[in-house]
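Following are the structures in question.
One chain, subunit A, appears in both complexes that follow, with subunit B as partner in the first and subunit C in the second.
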Partner chain A sequence: MFYRQCGVRHVSYAADWQLWPLRFERLQVGALLLAAASAPLWLPGLYLGSYALPVIIFATATLGLDLIMGRAGQIHVGYAAIMAVGAYTAVHAVRAGAPFEVGLLAAGLASALVGLVAGATALRVKGLYLAIGTLALQFLVEWVIVHVPAIGGGAQTTLQAPAVRVLGVAPVTTLGARYWVALAWCVLVTAYMLNVGRTGFGRALVALRERDYAAAVLGVHVFRYKLLAFSVSSFVGGITGAVLAFTYYRAVTPEQFGLDVSIQLLAMGLIGGLGRVLGSFLGAAFVFVVPIVISTALPGALEAAGLGLPVAVLSHLQIIVYGALIVGFLLLEPLGLAKIYDNVRSYFLVWPFGYARRTMG
Partner chain B sequence: MTLVFLTELAVNGALVGLMYSLVALGIVLVYKSSSVFNFAQGALVMLAAYLVWAGSRVVGVVGGVLAAAAAMALLGLGIERFALRRMIGQPLAMALMLTLGLEILLRGLGPAAWGADTKRFDLGLAEAPLFLGDVLVNRTYLAGGAAALVLLVLFALFFRTRVGITLRAVSDDQVASWSIGIRVERAVGLSWALAALAATVGGTFWAAVQGVDWSVSLLLVKATAVAILGGLDSLAGAVIAGFAVGVTESVVSGYLDQVVGGGTKEIVTLALILLTILLRPHGLMGREIIERI
Partner chain C sequence: MSARTPRWLVGVLLGALTLLGAGLAAETGAAEKVFRFACACDLTKVYTFAVEEIVQAQKDYVELLNLKGGVSGHRFEFLVEDSGNEPQRALEIYERFKRQGALYFDGWSTPIGKALTPRVLEDRIVLGQMFVGRGDAVDGRTFPYVFPMGATYWQQMARAVEHIREREGGAPRGKKVAFVYIDSPFGREPLPVLEELARRLGLEWKGFPVPSPATEQSAAWTQVRAFRPDWAIIWFAGPSTPAAVREALRIGFPLDHLISVVWIGESDMKVVGEARARGVLRVEGWHTGRDVAVVQEIVREVYEKARKGHGPVERVGWTYYNIGLAEVVQLEEAVRVALRTSGEPLTGEKLKRALESFRNFDARGLRPPLTITAEDHGGGQLTRIGQWDGARWTTVSGWKAPFQDVVAEQVRKSAEEFRRSGR
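Up next is the complex of A and B:
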């Protein structure tokens, strides 16, 4: 129907390597990009600031986490701590007078360094023990931020993120400007993640994920690529943390990067579908928006149906819905939202000739 | 003064540590049978605490504990049958995330069912201070520590029974157990039920110590440290590690808190987790089968 595809007729390698071989999908991506870029012009400020902006930033963070979880197959339960390192570094750098871009770069480098240390643990242990090691990293970073006044500014302190300018000229103060900064970073990371699977680095990570012994036999330097995966992913996470601090919260507190945020990012990755760029976006949007929508819409709907819920249930509805979503998705669709999208897409790919072989994966 | 202070810290710390191992036993039991880290144990303990509290208001403390134990054992069996069994053959991250999701879900369901305010739960122990020599000992801690030891002995005896031996076989090698006719799924389900029972005992004593609210589930962090330090597949290791974590935490924070102004208790736990993972990943008494590359 939409796809109008008949046979594979590539005549050059470039055509075969295309990210989106179908014309309809190229149009889709273009339209989405246009809609996202022009969102500040048509989306009401409330939705832009409290839904679109955080979803874009969390999708970027999920993409960074996906590099280590979906591509390299390592478990990371402390990604929010990595983001916290970046956010605090950037805020301190900018407060000390560094330009915004330098602050972001410093954030990425500092996080990459911390990620490298976490990755060094990965050289000794893997699987479950790595998960617990990264969990310890999460608590350790939180503790350091709260207890070292030079970093966190003392207990229960909020550090304001100063107003910044992009390239020294364009001030990032209005909601639209903040959104565009976040979007630019998101597009950059998305482009990287779309392409990393086609590079030697990305293929080495996938080999690591599937079986590290086999990867080593094939000549993949396991130590090196694990450390690289951890530091690249942390670099992305650090800058995303800084972007989150500067464009969304406009301040940093330790609570913004707690264990629950790490778990939320894991949930976004898993519900969206591991190892899929589309999955990170779908997962971030779903996990961020659905619990809010359900917990605000459900009480009203039940009220209308004559079934009032007790206050105790209402106040915990969001966390219950969130937990149930994680459990439900893992049990019913372990490959996530991206797989659901794939099923729909491959149905329409050959519609109305359902018996035909689906060639375009 | 200093010696008495030190002994007091050490004795009470050791008892608290044994109560941590009550929670950690559930993690160890599940890990032994199915190599899945049970991140839901904190919420199971919290739910058990709610059930014991609610039950004890109707049928008294003993009846409440028994009713809660029965309900929790059923819940444990249900978790394996309807959730964990579907995770067989999936990546480890999926199973971990599933137990995390259960933790979040239960953490919401408990307060939703019984209200978020902290409930006082009285075990019915005497109030008078208990002195052993010069050392003041908390009676609830003493009872909890004793319960941990009793539970360990019971589990050790259980693992010598016919059913217990099948559990040990499953923890050794799932495929081999399967091939000689052991029902692996049933054994894993049983280990979840046992973990839920351990959670009931833990929940009872922790409810008496800190009251019942969602923060009981935060014991997961301590239990993780204990389970890791003891070795994830060793019950005796969990108890010894609980002892060690409790004493270290209590003594270190007892002296250092005055110097640095509080908060050292958490950092001791974290440092123990990190050091164990870096220096001796299989813990004090765990089996050394961790793959390294």
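Up next is the complex of A and C:
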């Protein structure tokens, strides 16, 4: 009923290849984009600044991580370190007088370079060993930031991100402006990730993921594409790190890019569903928002039930509930939230004629 | 097509959405006379050892104040939520509590304090950071809304070195000092002060960094043993503190020559073994124990009469309990002064001015006299040296703020750098 497939005929390659062949879905995407773009006009500041803004930034980071994990199949446990490189590069560049855009570009390039070096380990090791290799990157970057005053600013310091302008004119000072900068970058990365699977590069990555020997036999240059995957993914991560620093924290400290952030990004990818653009958004929203919802709802619910628990027990209970939710979701649907969305979608695709064969899945 | 999503899962998802909606709806606060202060505390990760006691104390004291009818007609409300020591979660909690009207925040964590600093300066909300955080925050001109109200890590280091100077008869030249610290911004913070004081006093010192989380320290202490120091200063917090004391015991280092940063309490002594840990020295900026009227009042009124205590009664009067308690007593006084001098409604700005009017305020016996001014938010930074006698903390050397020129010079340099370049 909603997803009317009747009458959808593709008479050109372009029409056959479009991202959303169903009109209903084009409308959905359009409405979502409109809602996201106009959010500063109608969403209260608390939700814009503390939920929407960080969620889209972390979703963008998850997309970048997904390129290397979901598409190319290389595990990466040091993605926050890559973001840190970008954030510190951009903040230093802008403080030195470079325009914001140049700072972002420098962030991307610096991260790509670091990511490339880290990626070189992927040429020799795979799986868990690669995880350890990227873990080393995480600790190395953190150590360098804390121990080199020229980068980190010395013990206990926070580098404030200066106020910036987009294209030298539009100041990024209000929450709305900061949100729009983050959203613009998020839309750009999303568009890239939606399309990368249809390019030669994207197909080469998938071939690598499935079996790199086989890919090599088929003529995929394993060396080149592995390094390319790491550097492109790090480029995205670097700029996202810079965007995080300029639009959300407005300062950089090493703690913002610690190991737990890397783990959270991994969790966002896994819970959302690897290799899926939608998954990155759902995963980021889940990992970021659900603990907050639990921590606001649970104490009230327990209070109402007449159970006044000590605050320490309460906060651990929240973690238990959150962990149970993650385990539950992954047990039920190991392919992540994106797959749950797919199931719902494919149900409605032929609804109310459940017996019909499903197409366009 | 694979298995369909089960019905109940749809139910769970819908339920979650409803909860979210309810959360969105329940945003507006009531209009009665309330003073709200908040903590985006770490109750689950690194600083639980201290924060649990602190939160217990603050809830107890709020209970006591409200039992007595509040302060100048204002009820106290303490908003507390676990931040897991993650800056992004603390920011979200801060924004939410700010909208609920909280005028005073504390994170009891350096990373969280750092993340909140730019926002409190903008929002004109007071950020407390007793004994934690960046040392230059005592400069009230540069950080008008940040209130350390106690000794910074720089001043604590100065006090530890002063104790060595005292005990060596005022002539510590040539004495060897081992500085064993967690290799994190917190552990590295006091290094410049130690360096300068060692140069001035002719101490021979060596740093022994232990990689975070520093629960395994045997390698570092073996090196300490080879260095054969006369004194050792340790800079840890949480599980790494008892680990350090145990390693010191293992190499046979005399504990009465071991001085710790403030973060060492009864719970750490229990981990080491109360009797074994006898002799450990620490820097103190507050009074520990139950021999203070306000602590006894809590035991009597909140725990015995009202039976509304917020944790185990034996923790009342412990190290971190009294630190947390002192903070609320200071807030109580600030609220009273703010309402008396600038009237209702309370704002962050009035609270700040009230705190800046403290003159020799001793937080009902819990603190050394605090004098806070618009320029100096350190409150005099008096500290003393306490010693663990196997059952409780005793005092071995009185309130002092030594080497103020060295510390002030650090503050000046660092605050100037912050003003100039935002570091």
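We adopt the following convention: the second predicted complex is superposed on the first by the 347 of 361 C-alpha atoms of A that agree within 3 Å, B and C clash if a C-alpha of one lies under 4 Å from a C-alpha of the other, contacts with A are read in each partner's own complex, and residues count from 1 in each chain.
One rule holds for everything that comes next: contacts are C-beta pairs under 8 Å (C-beta built on N, C-alpha and C of every residue); 3 or more make two chains touch, one makes a residue touch a chain.
It should be emphasised that the depicted structure is a prediction, and the values quoted were computed from it without experimental measurement.
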item	value
Contacts of A:Val196 with subunit B and subunit C, given as first, second, both or neither	neither
A:Val327 touches, of subunit B and subunit C: first, second, both or neither?	first
Contacts of A:Leu270 with subunit B and subunit C, given as first, second, both or neither	first
Which of subunit B and subunit C A:Leu175 touches, first, second, both or neither	neither
Contacts of A:Ala98 with subunit B and subunit C, given as first, second, both or neither	neither
Contacts of A:Asp212 with subunit B and subunit C, given as first, second, both or neither	first
Partner chain(s) touched by A:Leu22 [first = subunit B, second = subunit C, both, neither]	neither
First, second, both or neither for A:Met69, with subunit B first and subunit C second	first
First (subunit B), second (subunit C), both or neither touched by A:Ile292	second
Doubly contacted residues of subunit A, that is, touched by subunit B and again by subunit C	146, 312, 315-316, 318-319
Interfacial residue positions of subunit A with respect to subunit B in the complex	69, 73, 75, 121, 123-129, 131-133, 135-136, 139-140, 143, 146-147, 212-213, 216, 222, 263, 266-267, 270, 274, 312-313, 315-320, 322-324, 326-327, 330-331, 334
Residue numbers on subunit C that touch subunit A, as the complex places them	1-6, 9-10, 16, 19-20, 22-24, 27, 43-44, 48, 52, 55-56, 59, 80-82, 86-89, 91-92, 95-96, 99, 110-111, 114-115, 117-118, 133-135, 183-186, 188-189, 191, 310-311, 421-423
In the complex, subunit A residues that touch subunit C	44-47, 49-51, 54, 95, 146, 153-160, 162, 248-251, 253-256, 260, 288-293, 295-297, 310-312, 315-316, 318-319, 332-333, 339-340, 343-344, 346-347, 358, 361
Interface residues, subunit B side, partner subunit A - complex	35, 37, 82-83, 86-87, 90-94, 96-98, 100-109, 111-116, 221, 224, 228, 232, 263, 266-267, 270, 273-274, 277-278, 281, 290-293
